[in-house]
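Below are structures written as structure tokens.
In what comes next, chain A is part of two complexes: it sits with chain B in the first one and with chain C in the second one.
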Partner chain A sequence: MTPPISVTGLTRRYRGHLALDNVTFDAQDGVITGLLGRNGAGKTTLMKIITGQEFASAGDVRVFGTNPVENDAVLRRMVFVREDQIYPDFKVGHLLRTASRFYPDWSDELADTLLADFDLPAGRPVKKLSRGMRSAVGIIIGLAARAELTLFDEPYAGLDAVARQVFYDRLLADYAAYPRTVLLSTHLIDETAGLLERVLVMDKGHVVLDAMADDLRGVATRVSGPALAVDEFTAGHPVWDSRRMGSQASVVVVGHLAEPDRAPAMAGRLTLEPLSLQELVVHAAGRPGPDAQMMRTSA
Partner chain B sequence: MREMAGLDEGTPLFAQIAGRLAEEIADGGLAEGERVPSSNEMAAYYRINPATAAKGISMLADEGLLEKRRGIGMFVAVGARQRLLEQRRKQFTERHIEPMITEASRLGIDADELTELIRKSSSIEEGVTL
Partner chain C sequence: MNTLINVARYHLAKRVDYLVLPWVWLAFAFTVDLVIFAMIPVGHHSVLTAHGIVQVQNTSPRDAGGLGAIVAIYFVLGIMSVAKSLPFALALGVSRRSYYAGTAVLAVTLAVGYGLVITALQAIERATNGWGVETHIFRVPYILDGPWYQTWLTMSVALTLLFAYGMWFGIIYRRWSLIGSIAFSAAQVTVLVTAALLITWSHSWRNTGHFFTALSAVGLTGILAALGAALLAGGYATVRRIAV
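Right, the complex of A and B next:
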């Protein structure tokens, strides 16, 4: 089957700066993928090229098997909600009605539910909305479109924690009822970790990690306690990070620790804590190359 | 971890889902023959991806602890509780006795003293008799 997004050797150059450097990946149909990485890693550029809003300097992008640029048939099958989306100066209700005409699978019912969830006044001009309210409008369009391919680029600027939770809950519920392919770029890894089935981590224009989220959990462990015992326990394991204070040490080892491997930790009064997705991504984005590679192979 | 109804971020979520369900079955919260919540229900409750929840459920189904009834959903298999309790019993030594002995020997508590301590605490804790 043709993947909804297929990117090969994608490069985007701005005056002497490589925003994307030879990026290759396929999105999996019906999967929620998190696009993670630091500011300037190339996430937004990648999403703009996928949605035909920007051109590649080199390489190839296929969306549903064809080139998305100025391709109406493809563009109607996807929705892209940007962080700094600019809308025509309509009233909220008018804007939603306009959007509804563009997307064949649009749900008025869902749009109305979300309007109420976010407490948005349908009669207010978009120009008069607060930043958070404008983000809510984007989220409503992104979800109510029920597009086969849904892209969110940091869609929650100005939204408080409660409103973000509404977004996550509605996304999950509607995705469960109407499965679709979702690409969500986000900094809020802790908050979104449970939603993501796959993660794509970018750094400086490269994809440094591409893995199923659940394969990453437990792939690295922080071992802390008396330095001697820590050293003995971690000997022979690939080590990522090592910190010492007096006779105490804290070392991050990569690789799954099976139950029998853990037994000596108990005897040596060591604490074992698995690294969270957030910590793993920080590691992967901070040090591309061999480390991220190691994480992938040990996953 | 935030908002995931008690799941932690460091262990594969599907394994945690399977573990939670297994515990519920072992404790009798989910009786044999009872319907198990669907993957979508679990996704909404735990705030996780439905595919992840489905993977946790199918892990228990592969072990024969759950059975699928076409078009209705997943149900707790007959004998599931018994099997889970036997499993736990096997793990009891490894998980609870061994660490206790290690710590006891560190503190210089010998076997007799340890036995005595266990007897005392169990008589304090209501309903537990050894």
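Right, the complex of A and C next:
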């Protein structure tokens, strides 16, 4: 079966700047994939090229098996919700009605439910909405369209935590009832970790990690405790990161730890914590962020 | 085809802009013209001079400019149809080609409808001797002064031309903002100046003048149609290449 998105050797060059450098990946059908990475990693550019809004400098992009550029048959099966979407001067209701006409599977019912969830006034002009409300409009369109391929690029700028949770819940519920392929770029990795079935981490125009979320669970472990015991325990394991504070140490080891491996840890009063998706991404993206710098020496 | 209709309906969500505003604006210009021409007397009138009362022949033309209002607003609609509305259509999975074609279909359809209304207004103007004040608001000497079907055709073509011109401007503005629009205007002026220079150097002003004086109103409409088609093609070639 052809994957909904197939990208091979994709490069996008701007004047003096390489936004995408030889990117290759396939999206799986009916899976929610998280597109993670720092600002400027190339996530938005990648999504714009997939939806035919931007053009590739080199390489090949296939959506549903063919080139999406100016291809109505392919484009109409997609919806792309962008953080910086420019909307016409419509009222919210008009905007939703317009969007509904372009999608055969559009659900008015879902759109109305979401309008109520987000407390959005249908009669208000879009340009009078706050940033968070404008994000909510994009989310409603992205979900209610029920497009086979749904792309969200940082869709919740300005949305409060409650509204974000509404988005996650509704996305999961509607996705379960009407399966589709979702590509979601986000900075809020911890929040979305439970949602993502697959992660694609980008850094400086490269894909640096492409894995199923389940496979990443326990792929790296933080071992903390008395430095001597930690050193003894971690000897022979590949180490990602090592920090010391007085007599305490915290070391990240890579590789799954089987039960027998764990036994000495109990004796040495060591704490073993699987690395969270966010920490993994921080490591994969190459530059430790504030989270990784925080030393946790809890006993 | 369905997509084209959806694009047209997308624009018509702002029906006040497309269906009401142009006529309100035209009605205003019409009223202003009527007031002005009611003040300017027709034919002979008496003026008191040092030599006593003399009869003066009033020779000022009776052509008003109110029709320009609707032409101008159609140009602005062309700009807005792209500058404001293109990015959202692309987000909804509409190709640039479909967007452009759907917008053009709407523009032509409206132009034909508008043209028909203008034609009717011109007929009323003729029947009422220039709205009672002998003015020509919907008649323009030479180009818009023929039989009704010719007025209809010329008006439709002229409005489409202006919309296409506006669309191209809108596309340039969408992608390259103000600097692009200025460069685009400069390029047009350059083309015109180059043409003038070429005509001068080849000593063809006489022929050029002759060409235009010999041209019938229908012939001029044909030239406008060709120009409109060129503008549509130019806008299409541009929109296919831009990322928004």
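As a convention for this text, the second predicted complex is superposed on the first by the 286 of 299 C-alpha atoms of A that agree within 3 Å, B and C clash if a C-alpha of one lies under 4 Å from a C-alpha of the other, contacts with A are read in each partner's own complex, and residues count from 1 in each chain.
We take it that a contact is a pair of C-beta atoms (placed from the backbone, for glycine too) under 8 Å apart; a residue touches a chain by one contact, two chains touch by 3 or more.
None of the values given here were measured: they were computed from a predicted structure.
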Exercise. Just from the overlay, do chain B and chain C fit on chain A, or is there a clash?
Worked result: fit
Exercise. Should A:210 be classified as contacting the first partner (chain B), the second (chain C), both, or neither?
Worked result: neither
Problem set entry | Which of chain B and chain C A:21 touches, first, second, both or neither | neither
For this session: Classify the contacts of A:29 with the two partner chains as first (chain B alone), second (chain C alone), both, or neither.
Result: neither
Exercise. Which angle, as a multiple of 10 degrees, do chain B and chain C span at the CA centre of chain A?
Worked result: 150
Exercise. In the superposed arrangement, does A:274 touch chain B (first), chain C (second), both or neither?
Worked result: first
Exercise. In the superposed arrangement, which partner chain does A:191 touch: chain B (first), chain C (second), both, or neither?
Worked result: first
For this session: Tell me which partner A:105 touches in the superposition: chain B (first), chain C (second), both or neither.
Result: neither
Exercise. Who does A:78 touch here: chain B (first), chain C (second), both, or neither?
Worked result: second
For this session: Just the number, please: smallest Cα separation between chain B and chain C in the overlaid arrangement, in Å.
Result: 26
For this session: Determine where on chain A the residues touched by chain B overlap those touched by chain C, and list them.
Result: none
Seminar exercise, completed: chain A partner, complex, touching residues on chain B are 1-4, 7-15, 39-40, 43-44, 46-52, 55, 94, 98-99, 102
Problem set entry | chain A-facing residues of chain C, complex | 3, 6, 9-10, 13-14, 84-85, 87-88, 90-98, 240, 243-244
Problem set entry | chain B contact footprint on chain A (complex, rising order) | 31-32, 165, 168-169, 172-173, 175-177, 190-191, 193-197, 213-215, 217-218, 259, 263, 266-267, 273-278
Exercise. Given the complex with chain C, which residues does chain A contribute to the contact?
Worked result: 48, 51-55, 70-72, 75-82, 85-90, 94-95, 97-99, 101-103, 141, 145, 147
